[in-house]
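Here's the structure we're looking at; comments come further down.
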Amino acid sequence: MSHKPTIVGSALPNIPWEDRPTGCSDVLWRSARNPIIPRNLIPSSNSIFNSAVVPFEGHFAGVFRCDDKRRNMQLHAGRSDDGIHWTLKNERLEFVQTGDEPFEFIYGYDPRVCWIEDRYYVTWCNAYGGWPTIGVGYTYDFETFYQTENAFLPYNRNGVLLPRKVGGRYAMLSRPSDRGHTPFGDIYYSESPDMVYWGRHREVMRAAGGWQSTKIGAGPTPIETTEGWLLIYHGVLTSCNGFVYSAGAALLDLDQPWKVIRRTAPYLISPQMLYECVGDVPNVVFPCAALSDAATGRIALYYGAADTVTCLAFCQVDELIDFVKSNSM
Amino acid sequence: MSHKPTIVGSALPNIPWEDRPTGCSDVLWRSARNPIIPRNLIPSSNSIFNSAVVPFEGHFAGVFRCDDKRRNMQLHAGRSDDGIHWTLKNERLEFVQTGDEPFEFIYGYDPRVCWIEDRYYVTWCNAYGGWPTIGVGYTYDFETFYQTENAFLPYNRNGVLLPRKVGGRYAMLSRPSDRGHTPFGDIYYSESPDMVYWGRHREVMRAAGGWQSTKIGAGPTPIETTEGWLLIYHGVLTSCNGFVYSAGAALLDLDQPWKVIRRTAPYLISPQMLYECVGDVPNVVFPCAALSDAATGRIALYYGAADTVTCLAFCQVDELIDFVKSNSM
Amino acid sequence: MSHKPTIVGSALPNIPWEDRPTGCSDVLWRSARNPIIPRNLIPSSNSIFNSAVVPFEGHFAGVFRCDDKRRNMQLHAGRSDDGIHWTLKNERLEFVQTGDEPFEFIYGYDPRVCWIEDRYYVTWCNAYGGWPTIGVGYTYDFETFYQTENAFLPYNRNGVLLPRKVGGRYAMLSRPSDRGHTPFGDIYYSESPDMVYWGRHREVMRAAGGWQSTKIGAGPTPIETTEGWLLIYHGVLTSCNGFVYSAGAALLDLDQPWKVIRRTAPYLISPQMLYECVGDVPNVVFPCAALSDAATGRIALYYGAADTVTCLAFCQVDELIDFVKSNSM
Amino acid sequence: MSHKPTIVGSALPNIPWEDRPTGCSDVLWRSARNPIIPRNLIPSSNSIFNSAVVPFEGHFAGVFRCDDKRRNMQLHAGRSDDGIHWTLKNERLEFVQTGDEPFEFIYGYDPRVCWIEDRYYVTWCNAYGGWPTIGVGYTYDFETFYQTENAFLPYNRNGVLLPRKVGGRYAMLSRPSDRGHTPFGDIYYSESPDMVYWGRHREVMRAAGGWQSTKIGAGPTPIETTEGWLLIYHGVLTSCNGFVYSAGAALLDLDQPWKVIRRTAPYLISPQMLYECVGDVPNVVFPCAALSDAATGRIALYYGAADTVTCLAFCQVDELIDFVKSNSM
Amino acid sequence: MSHKPTIVGSALPNIPWEDRPTGCSDVLWRSARNPIIPRNLIPSSNSIFNSAVVPFEGHFAGVFRCDDKRRNMQLHAGRSDDGIHWTLKNERLEFVQTGDEPFEFIYGYDPRVCWIEDRYYVTWCNAYGGWPTIGVGYTYDFETFYQTENAFLPYNRNGVLLPRKVGGRYAMLSRPSDRGHTPFGDIYYSESPDMVYWGRHREVMRAAGGWQSTKIGAGPTPIETTEGWLLIYHGVLTSCNGFVYSAGAALLDLDQPWKVIRRTAPYLISPQMLYECVGDVPNVVFPCAALSDAATGRIALYYGAADTVTCLAFCQVDELIDFVKSNSM
Amino acid sequence: MSHKPTIVGSALPNIPWEDRPTGCSDVLWRSARNPIIPRNLIPSSNSIFNSAVVPFEGHFAGVFRCDDKRRNMQLHAGRSDDGIHWTLKNERLEFVQTGDEPFEFIYGYDPRVCWIEDRYYVTWCNAYGGWPTIGVGYTYDFETFYQTENAFLPYNRNGVLLPRKVGGRYAMLSRPSDRGHTPFGDIYYSESPDMVYWGRHREVMRAAGGWQSTKIGAGPTPIETTEGWLLIYHGVLTSCNGFVYSAGAALLDLDQPWKVIRRTAPYLISPQMLYECVGDVPNVVFPCAALSDAATGRIALYYGAADTVTCLAFCQVDELIDFVKSNSM
């Protein structure tokens, strides 16, 4: 299949993939095998969701949020040959401390993994003194993980790195928060010369109407395209019975990623399947990772469902970009 | 079938109907075809529920709440030959403005339709400056809809007209509210000489214990019967996990409709089916319209389920009135 | 003293008055005799504040909010020769019921009095079934008061009549509320052909920044001027220690009073004197009545202080209008 | 089957029982027949759950929480030959008053039944003046029930008696609460010489992390074992969409039951089945009773699911005690 | 002065006393020397208020709430020759533990002192595990204080003993609470055979309208009179700027003290003086102790003002009882 | 007067100063001239408080929080010969933008000024997109002010620079917050190589009991002493009537300023004077600046009172350090 290279990146011929089902006209479609990772894949897990997957050595590796049966939030490393069937380590991921003041691990959740230059960076919601902020670490091999300085002061969640430097500096999206089930949240952009000190903070997008009216947060590592950074993000609506997490997409300026080119008014996906509507937290779809094949424009999106299981959905990059453009706020 | 004419109204021989299932002793029973309208009946819809249906030209017509995929609340007109299979317009209903200060449409939801004298009046929860109040409009043909003055100041919801004038004046039930997911709410009665100016406001019923302890609101257009106005209404209970919407019934005095003759202590229907318990808002049954056949006493009740789909239930008017009388608070 | 007749109205040569103190440059200045009515003027009163005063038979009469020592909110009629020294009836005001469904008096507060055509109308925050809405009554002599229909459905406060019909209809400003210490509130405009049925509701002004960021409400009966309706209103700011009530002014279009010509960005008066900062509710200035002398442009403003006592302030209409124009939002 | 007598008690050869399913490694496993009691077992019931079961005259008897279709919380007595198939009285349980000031029955829920010496004591969440506290009664025959003094002042829930006196005094666990859906709660211990006056109150366990971070409450009557009192208790986690009720276990000192020997860090069971996740209150497992067979160490645990139906789970006492010891906080 | 012995008790000729000021018609009048105890009477004190005073060895002794400059709540013993000028110990009161499980002192506040039979009982709001409940202790000499069992489970405040047994049992009023600034609260009655185990709990009075609409709590030890137990109690109103504490009185049945004979609709005293309106907690009068002279009917009431200082007010028992009777709810 | 140079810094012989009043034993004492700056010093000001003062060219200069009569929060520059009598510019301070993306000024409050190396840095609570974060600017002459990058992402307040680099990097204390009247808050430490990018965030101190139980925040620029960094900070207690702001002190390690050597359990100063208890926000003392004279150890502390006026207090450094050491938590 020939394809104009909208995605600026590598081919990934073994990307997990299912064609759009007959009769489906949605720009994003679910895997027929969902949930691809059940809640109890490993003996200690209560749930496995909101997890980060990357291509690795011809196969796939990832960092997974596994809440254990104490309902403590942990990270676990995992491997897969096909991106569908996963083997997770039963022991939680422990970081080798690299700083002068080692951090105690209290909890970690909602990881993202991002290859930049020479290594896989991991960012996650990391407790510092018990409060959420953006933890930063890296690995070369998904065996040994190193932890560096937290990027920001508490309280912050959904720290997502861009996959290359912008203007010579590392770039991260994040969502400043409060201590609890934060009832607000916008996406900000920050830069760093060295992955330790961060500044030049810029507002990117605010919570807006409808499905994204309570708060929004960056999802997978943004995908570089010829049309801008393709950002899939989650949005939250507050019904009389709590939060509903859906997902949409935006295009950000390649050089000034805090400038939004387009942003979907409708959602791409909202909780509608039983495995998205019923679980530890009903009515949640929460994308954390995407694989993309620059050769064909195929994208495989990993998302957590109902804060319980891990699912997969698919789209084609040009269709998605067209959708963003033609359904912009 | 012969029947004493309890219902003061017309025969509706083609009312959608299913007999009570064998073994069922409930006064109200669900359609076996529920949900009769799926969430995605039209391409733009996220959900279709809390919708208003009336007999029209030998068939049926209605105004439907369709939340679009931005999760914005819209109204759509629709037609049906049998009251079960519906065709909805894909474009949202837009009102022709009749006043000197045209109203901007921000959102509209939970419509009711009521034939009075020469036209079909539509009332709905209409945003004025962003806040909920009772919008009023009318149509002759379900093609062109005209909007007049909002009945009340914000904040109000569940405005339901009586199907004829009372004491020479139009009469409306409504539920004064606040700006959000209002945690209280009683039913009030108001009168108008001209459908523009409203006054002589009277309290009708308050939230009471159990399933109706948090708030109550009028449902379908009340049905005139020889025993009084038959009002089906929703009630809300607040569990530790949010609101639960059920429905009950009351008989109101024909001449002084703010005087309650009887009111059910138990609910008629509460969320128990999967399509009522799982969806955009779990645990909601919300009736908005009823068809009635004066010749046989049959009633077909349309209700929204889980704020996601549209359902149908059935009852017989005399049985229902007996139930209201024998299960009164 | 000659004066161009900015105020459209009558001369009131015996208006209570004190000249602006030397060195004071404020547009509005306080009486040196504040508080002019102490909290315990009558034996039963805990506090006397937020009270309505009008010229009457060459002297002055009014309706006063007197909270009794149960802390129940009552209305009391009063008389004064000079507008400063008041005699209040020790028994609370009881309305003669004129409707077919007499209203039980539960509480009444924050009255306004307004002469229209042939009588003095009284509006106040009147409990209907325990909830606040706008009570309406009238008197010819401040001895006998008649109660008519509440203007609106609950929940509403600060109903203020315009002193003449607009477009042939009575006109009222009000502030839709909720059941408690409402944390929001904007000013709306409604019309009535007969003081019973109200409609054609229009938004006038919203809460805005600073001192008026939480809610706003109309104060005294608006004063008709050649520049528009002069409305003095209160605004509320929420500090970490509660509400702070200040007051500002606006000019409304004479023919379409829901259209704001100008509105002060700064306050005219905020709680700064000990009797405004300390009392049953600290930090409250709440104007409810104004006397004006069309011959000289003098205005005497009555306001409640700390929800405890009644105070007086003064301004000159042209200076005030200039201030509104030159300090507009 | 031979078994060392870990349980200090009687043999119960006809205990309801199912062996652990093949492939299941959980210490507690669900009945394949769940829910064993449907919500509508009796005509008046909306739901039947959180119910108390004991051996009685060679068979089984119990007191059941049946919320009626008003959603009022009632107690009903019931009988069963096998502990699985139950016959409940359609009329709610009414207590014979034994005190000088008869108590009005307003609501009762979450009963426990406990044999001590010569009778079956019933404790439940009993409204006194409308507020929850611990009701106390007893029966000899599950036909006639006598009510004595409430154990404590409001506000209290989950009062659970120990099945024998400790140090010569009756002993009760309870969870002091507030008036609503209490967002906190720890387990306390109290003693009484006579089941009327209670004192020597001691804190037993506090809410802790994860699944038991919001509040905890005692479940079934503690089981006396050679290792201590075996207490199965519920714990609550607050997600962004409300409470999640799971269950764990603890061992308490036999002589000083307020001293915790061990307590599980992970849960034993959390809501994962559709009948636990979907219902009147989603995501609830709430154990209220346990049968135990001292001869074999088998335990049958009754629990309410989703505040809607009654379920059964099984475990073996030694395995459970090992689990508590090896998974202690 | 001759006086019929309304008060059942002893003469106290040296009761602190000031005659009613000329022109004052209030049933209760303030001391001209208020505040009689300043906030900084002892070096460590931030504030001294809500304190308990009794006749002792011909003079006076008491237990005082002294918040230290950490703002920790402590109890201090004190002595006075005249009831006006006090000497407080600079070291906080430490209780000798009498139980088998000594209690750690975390905080103590709002003490009451009550002579029963052979000793002075002290009750106070005592932290157990950090949460408020009713601590109980006693002293013979105001030098050594002994602590016994807390009367109730948390959460409770304002435990006030009756000064003699009722029906052969100790009797205590208290106000069940929650963990924080409780927004509700009624007065309950409990009995004990031995001051250790408490039961036979009865509701006495609920929060009602006006000044006592949010919560109420018993104040000083009730005074036995020929007309019933004379209870002075505090009530709280919630303004938009927080709680306002006033005080009223009630007469309780001598033999069944949970039965209210009369209860004042108006307050006896509300915060009106600067020292009551301004301080660590504005707008608080909180009575905790009363001295009474049976020979003359004089009563001296000690109350905390603004949670900062200690004040004194006076009344005559027959006037007060008349007031209660003629101003009853 | 000879003095061992505890303060590492310059002599400031003209420091404003008053000796400790006779009879006063407090470690910190108020100026007899308080408030030294009235609320209306300049025509536009509603209040002047929480202001930053430094020695400048032999006299004094500062940046002041002046809320204008819209109650908008502004910064104003000012000068004084003696540190007591101030001249403030009537126009608000406007920053020259130095970055590539100029910041709009929305509001600014609670400034601090700190000399480092070659200029006066100004930090303040600066709105970015409407939300609070730490603004950073500098001036050489108090005439022209330059604004650089905000230090952190929202939401943050009380950013206070250390007066020299630590380990070669700029150092700032701050208090992460939420969007409103934040009900929590701890002090954190961050470092920057260049005053643009910040990282290596460390927790310094948490809110603790009593007066500092709700939140804490750094006050004036810490004073370098031979015993460590002397940090005066505010703490907040939540009474039933809102926040109470007091102040205490701590000693931080000179090289690792996130390590606390000592911290006062009692407050140094709490709101007790009328000008601290009554004003726009009752019960606030909020120190923002300190002058120190290394030659004599004298310290003059500027603090805002009641969010309305500016006050002055005095202490001697060795006495203060002794107090911190002997009254440590």
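Details
Each chain carries a letter (A, B, C, D, E and F) given by its place in the written order, and its residues are counted from 1.
What we mean here is this: contacts are C-beta pairs under 8 Å (C-beta built on N, C-alpha and C of every residue); 3 or more make two chains touch, one makes a residue touch a chain.
The structure displayed is predicted, hence computed values, not measured ones.
In terms of the stated touch criterion, the partners common to subunit B and subunit E are C, D, listed by label.
For subunit A, the chain with the farthest CA centroid is E.
With centres computed as the average of Cα coordinates, no chain lies farther from subunit D than C. For the self-contact between subunit B and subunit D, the two sides draw on mostly distinct residue numbers; the shared fraction is below half.
For the pair subunit E and subunit F, the distance between mean C-alpha positions equals 42 Å. Once the centre of each chain is set as its mean CA position, subunit A and subunit C turn out to be 56 Å apart. Between the Cα centres of subunit B and subunit F there is a gap of 60 Å. In subunit D, the residues touching two or more other chains are 241-242, 278, 282-283. In this structure, the chains touch in the following pairs: A-B, A-D, A-F, B-C, B-D, C-E, C-F, D-E, E-F.
Of all residues in subunit E, those touching subunit C in their complex are 25, 209-211, 213, 237-242, 244, 246, 265-267, 270-272, 274, 277-278, 282-283. Within the complex formed with subunit F, the subunit A residues making contact are 101, 128-129, 133, 149-156, 174, 176, 178-179, 184, 186, 188, 190-194, 196-203, 206.
If you check the complex, the residues on subunit F that touch subunit C are 39, 43, 46, 68-72, 181, 241-243, 278-283, 307.
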